[in-house]
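Heads up, the thing below is written out as structure tokens.
A, B, C and D are the chain letters, set down in written order, and residue numbers restart from 1 in every chain.
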Amino acid sequence: MTSRNAGALRDTAFDAAEIDRRLAAIWSTTPGVWGALATVDHKVIGRRYITTAFVFLALGGLLSLLMRLQLAQPEARFIGPDRYNQLFTMHGTNMMFLFAVPVMQAMAVYLVPLMVGTRNIAFPRLNAFSYWMYLAGGLLLWIAFVLDTGPDVGWFAYVPLSGPQYAAGKRADIWAQMITFTEVSALAVAVEIVVTVFKHRAPGMSLDRIPLFVWSMLVTSFVVILAMPAIMVASTALILDRLVETHFFNPAEGGDVLLWQHLFWFFGHPEVYIIFLPAVGMVSTIVATFTRRPVFGYLAMVMALIATGILAFGLWVHHMFVAGLPRLGESFFTASSMAIAVPAGLQIFCWLATIWAGRPIFTTPFLFAIGFIVTFVIGGLTGVMVASVPFDTQVHDTYFVVAHFHYVLVGGAVFPLLGALYYWFPKLTGRLMSETRGRWVFGLIFVGFNLTFFPMHILGLQGMPRRIYTYQPEMPWSGLNMFISLSAVILAGGFLLFFIDVIRSARTGAVASSNPWEASTLEWATSSPPPPYNFARLPVVGGLDPLSDRRDVLPVAAGLRVDRRELLVSSIVEATPEAREASSGDSIWPLLAAIATTATLIWSIFTPWAVVWGSIPIAIALIGWFWPKGVPEDES
Amino acid sequence: MTERVFSIAKSVLAVAVLLSLASAGGVLGYLRQPRELRFEPPVAADLDWFRLMSNGIGGTPPESYFALGKPYEADAYNLSQGKRLYAWFGCGTCHGDGRGGVGPSFLDGWWLYGPEMVSIVASIRDGRPHGMPAFRDRLTIEQIWQLAGYVQTIGSYSPKVAAPSRNDDKQTRPAENRGPAIILFDEGPVGVHPDQGPSP
Amino acid sequence: MAVASACSGKQSALDPHGGPAIHVEHLIIGIVAVCTVIWIVVIVVLGLALLRSRRAGAEDANSEGRLTTVVFAAVAASVVIIAGLTIASFYTTRNIGVPGSAALTITVRGQQWWWQVFYAGSDASRGFQTANEIHIPVGTDVQVRLEGVDVIHSFWVPSLAGKQDVVPGRSNSLLLRAEKPGAYRGQCAEFCGLQHSHMAVLVIAEAPADFERWAASQRGDALTPADPDAAAGQVAFLAKPCSACHTVRGTAAKGTTGPDLTHIGGRQTIAAGLLETTRGSLAAWIADPQTLKPGNNMPMVPLTSVELQNISAYMESLK
Amino acid sequence: MKEGVVLDLTDLPPHGLGTASLSWWGTLAFMLIEATGFALSIVVYLYLMSLAPRWPPDAPPPDLLPGTTLTVLLVASLFPNILLARWARDQDLRKVRIGLIIMSLIGIAPLVLRAFEFPAMHIQWDQNAYGSIVWVMLGLHTTHILTDLVETLVLTCLMFSRHGDNPRRFGDVSDNVMYWNFVVATWLPMYACLYWAPRL
């Protein structure tokens, strides 16, 4: 075997142009439809993932506008209760499962391999499979909604309302099965990211030199791995209850209604951190670049990330404070829910210290980072409020909570995400977004968001429950509701302008250099957008900020083959090279496997036998996927 | 050679994708559940005007029933409402969980007055000899149709996709969506059934 | 009865009139005040950090060390504040007290989409049932036992107390106490299906003597209608499907699916707080419940206009 | 930016083995996911048990024979499995082939025993919540055995094909061995829970 390798072509034998030519031939996605369906390039898939997630964001936003239209006046007859229930269920489900989690993972799929200095994500075919599963789950949900079969039981689908007796038809099953799709996809991506970060880091990128965004995605991925099985267990139990009469949630036969809530929130609370932690990484990156200094307290930031990830699993009961659990247990969860404010506070203080000590440059990404601090602190503080049991008995399930989690999720995650998109857009497309439009986008979204959601705190305290499709004219809520609906138009205008900016910049934006922001992480060491192989020669890292000391020469490693897709496996702690490793080539099998899985999952909404028969094509597709094809990548 | 294989694979793939999309669309279309929470009063009133054969078995529903898309047989919401009415109006006192009691069973493969919707609706609305009371003064005609649709699913030999699942109660028999009539088939004591009416 | 107009009872956590709600309001104000100060401090520091003048080369190792001290101090301060808020929260929980010592126990059953209310009887008097309107004596601890029968609901009268879920298969309870007479509105807070929005409950707190008078009248059977319209309405009510779902004690109407209507005319609202009880609104509701509250379980019963008028008159007469 | 070569990777092995293998880490990560799922199913079991007045409800405790036999078999299978790991590490193709055939047969045996295990539970999934969780736990673990069996069979075929003699394949065999150890390891707490918790 070694002899076969000895004759292989290596990059040591060629000059730069020839290396580029040969690597491009090996790594490029075949043009055309076939290539598009078979590609395993993390950049192509990442872009696809991001685009799809933003399409779902736009669709979810449209739903919220419809809701605001209905709520603008008391007893409005614009949308009936049946459709309205579908609207808010779809909005929540879509934003959590089809936008927020996937978009964060998508950013990682694109960025993490670049930031750790490798050529592709670990398990590239699994990555392609994840995307197809995600797309299928999203299509299932949205097609069902268009056909008036959208789920109508709320995004946390409490039983018995979502159970066999009270949720007629297949609406709740579609919700539960969509969960399976997105969780399979999210779990797979989490595995890819963990292994990429563990084993594909550039030589010299020891644990204490990993960029903060990569750290945040690593912690997030572990949270995904430990949290998402809970929702899969729960949604499977729900489908079984509905389809074959198991009794998990039937109190008359020894089941329990609150079991659902425990399982759901054991996933559901970490879910918030699955969305928020990547945003922490994005803000850290943006703040570091635009204050022209490293983030203050790197070690403290990493510890805070890990602490948040661990504490995330000790809070779920605070979603159940009014369900009638024992007081003693509730007190413990009050304390733990309050405690998580400490690492969050630490992160805020570190960013403030970074800005204090640095030299801020007010670009659009940085504006979003500032907007993030302003709004997220409000969301964090209202989080402290709802952590208190007595406080929560008054605001639970009211608009106060609606305001709280929008401050956390939009202020805490979407603002950083938009900033991140302005920041990494040149790396994604090769063009810069418009700074002028960017400022307008930030202004409209920041102002529109606060005008829309701040009054909801007051509405909640005034007794307005969430998830009502209308309210009576004698309640003192109509003024604020009208105000909120009008403000939502400003917010929507901001997002509209954002989408216009994205489309126009992608076509006609200024062409970006490889490092337009003079940033210090490795993704900026290659061209914008990067070539299919990311780096002609893998970079060698000597510090936390490999590009920051403005050296003219980038240290790189040579000796990889140029006649097969090859990258580097390195050790976990010190990132010393362990092996050259092949990276899978393009393949259609992930798509076929995803089609087989999709058919099985949808079919199994109707009959349990689908699992039996459907496993056959899935097995065939997986065998086709893993069977060696005698390509150079199979050599060892 | 590789070229040919690829082009074949491509067409196979295209067909596979199209087929799966089409079947997904078909399945989802089948699922469509428009929930009519309220019919206009004349439409609802028209549901009373079905025609029954002179022997009280079988007949034709009103024209409007077809125009509405037979909403009481395949619509999950109406069937589940029918299941609630079955409990609320004490049908179980005589018919048990569907396996009968004082009244006849729905699971024994035998419909005294035939399995058609109109027969069942007529039985509920107007009552039948030997103890089946008339419910016309206790239920509206829409409710009677909902209830009839549900009763039909209890004994159906091909369980409907839209049929209700179990209740959050004690389990006494498989739920309607699993086809209890198939699982529990029991002809019952021979000779109980008068010699009339078709079996399902 | 000295109460506010029908449907517009108070419903606000910031307008408390009951012991538990007052304690919680103090906590709310306290925590919000502390948090507001924290937010302002953060924003001021952020503003200074962004806008402070910078001289080139002014940074040194010293400034980095000073920052570390400040960050440490800030973390320590947040630990102290968090601990303080936690203790304040525990203290309030203790003050709200546990149900169990109450003088009066009421059972409330949440149903899609109305509240069934039971007052237990005693040796001297029989119990009775009503719907969507709870009367309590002022200044007394009242224990509300919450029974779930279909899906999860949440019983919440913000001016009197925080909410508590009504969970099928579990028994929860809640302590209510009104410090002064008045009508306090509440509504279901846990999403429960199509008409979650129209599932209100009215708690009417009155002087103990008034409460006893009210309870005595509720124990009695329905009044025989004196008015000829109402008498004709009673006949129609009993002949039509109405009586299959509703009970009017003292008549042949013994349905249990819908709310007990024995004293509906004396309640301030109908259809779980949807409309004020007037003859007109009763007629509108009976004529077309699916337009006013789409998806609720009351069907549209075909009635002639005379029957409709008479039944509405009958309902109104059931004081 | 210009590039300066500071490191030469030519002498590195062209494929990582053991902890330098990506698929080893991938298997580990998927095992973590599955372990979480199994742990949660045990938690659900104990949770339902804590709520029930009697356990098991409306059923005798499961018969010990089939489950215990299966447990013994699974534990015994670790021995050939570990041998197989050693042969795979030594890249001894002949022995690995033999080992895989043995492990394939050993993979089938528990499935046969499992078929007796379901009835030994004396409860159906649709009778009560105890039945539901018992069937789901057994079902999950059966799927676990089944997927590993299919993987072993495919790997066996692969080792007899022209792709067999390749360090990559021996790595796959090692991963498969690791996964089977995991299948056995997850069963032990489930066995304790299913068979001995009802006897407490």
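The criterion applied here is as follows: contacts are C-beta pairs under 8 Å (C-beta built on N, C-alpha and C of every residue); 3 or more make two chains touch, one makes a residue touch a chain.
Small disclaimer: the values here were computed from a predicted structure and weren't measured.
Student: Could you name the chain whose CA centroid falls nearest to the centroid of all protein CA atoms?
Tutor: Closest to the centre of all protein C-alpha atoms: chain A.
Student: A-C versus B-C: which has more C-beta pairs touching?
Tutor: A-C
Student: Among the chains, which one keeps its Cα centre farthest from the Cα centre of chain A?
Tutor: B
Student: Report, in whole Å, the distance between the mean C-alpha point of chain A and the mean C-alpha point of chain C.
Tutor: Spacing between the chain centres: roughly 38 Å.
Student: Per the centroid of Cα atoms for each chain, what is the distance between chain A and chain B, given in Å?
Tutor: 44
Student: Once you find the CA centre of chain A and the CA centre of chain D, what distance in Å lies between them?
Tutor: Distance between chain centres, rounded to whole Å: 31 Å.
Student: Give the residues of chain B touching no fewer than two other chains, as numbers and ranges.
Tutor: 35, 37, 166, 168, 171, 174
Student: What positions in chain C touch 2 or more of the other chains?
Tutor: Residues 168, 194, 294-295.
Student: Provide the list of chain D residues touching at least two other chains, using ranges where the numbers run on.
Tutor: Touching at least two other chains: 126-128.
Student: Kindly provide every pair of chains that touch.
Tutor: By the stated definition, chains touch in these pairs: A-B, A-C, A-D, B-C, B-D.
Student: Quick one: which bits of chain A touch chain D in the complex? Just the residue numbers, please.
Tutor: 1-2, 5, 10, 12, 16, 122-123, 126, 187, 190-191, 194-195, 198-199, 203, 225-226, 228-230, 232-233, 236-237, 240-241, 244-248, 250, 253-256, 259, 262-263, 266, 514-515, 525, 536-538, 540, 547, 552-561, 566, 568-569, 571, 577-582, 619, 623, 626-628, 630, 634-636
Student: So in the complex, the part of chain D that touches chain A is made up of which residues?
Tutor: Result: residues 1-17, 20-22, 25-26, 29-30, 32-34, 36-37, 40-41, 44, 47-48, 51-52, 57, 125-133, 135-136, 150, 154, 158, 163, 166-168 of chain D touch chain A.
Student: Provide the residue numbers of chain B that touch chain D in the complex, in ascending order.
Tutor: Answer in residue numbers: 166, 171, 174.
Student: Write out the stretch or stretches of chain D touching chain B in their complex.
Tutor: 126-128
Student: Within their complex, state which residues of chain B touch chain A.
Tutor: Residues of chain B touching chain A: 6, 9-10, 13, 16-17, 20, 23-25, 27-29, 31-35, 37, 76-77, 79-81, 161-162, 164-171, 174-175, 177-178.
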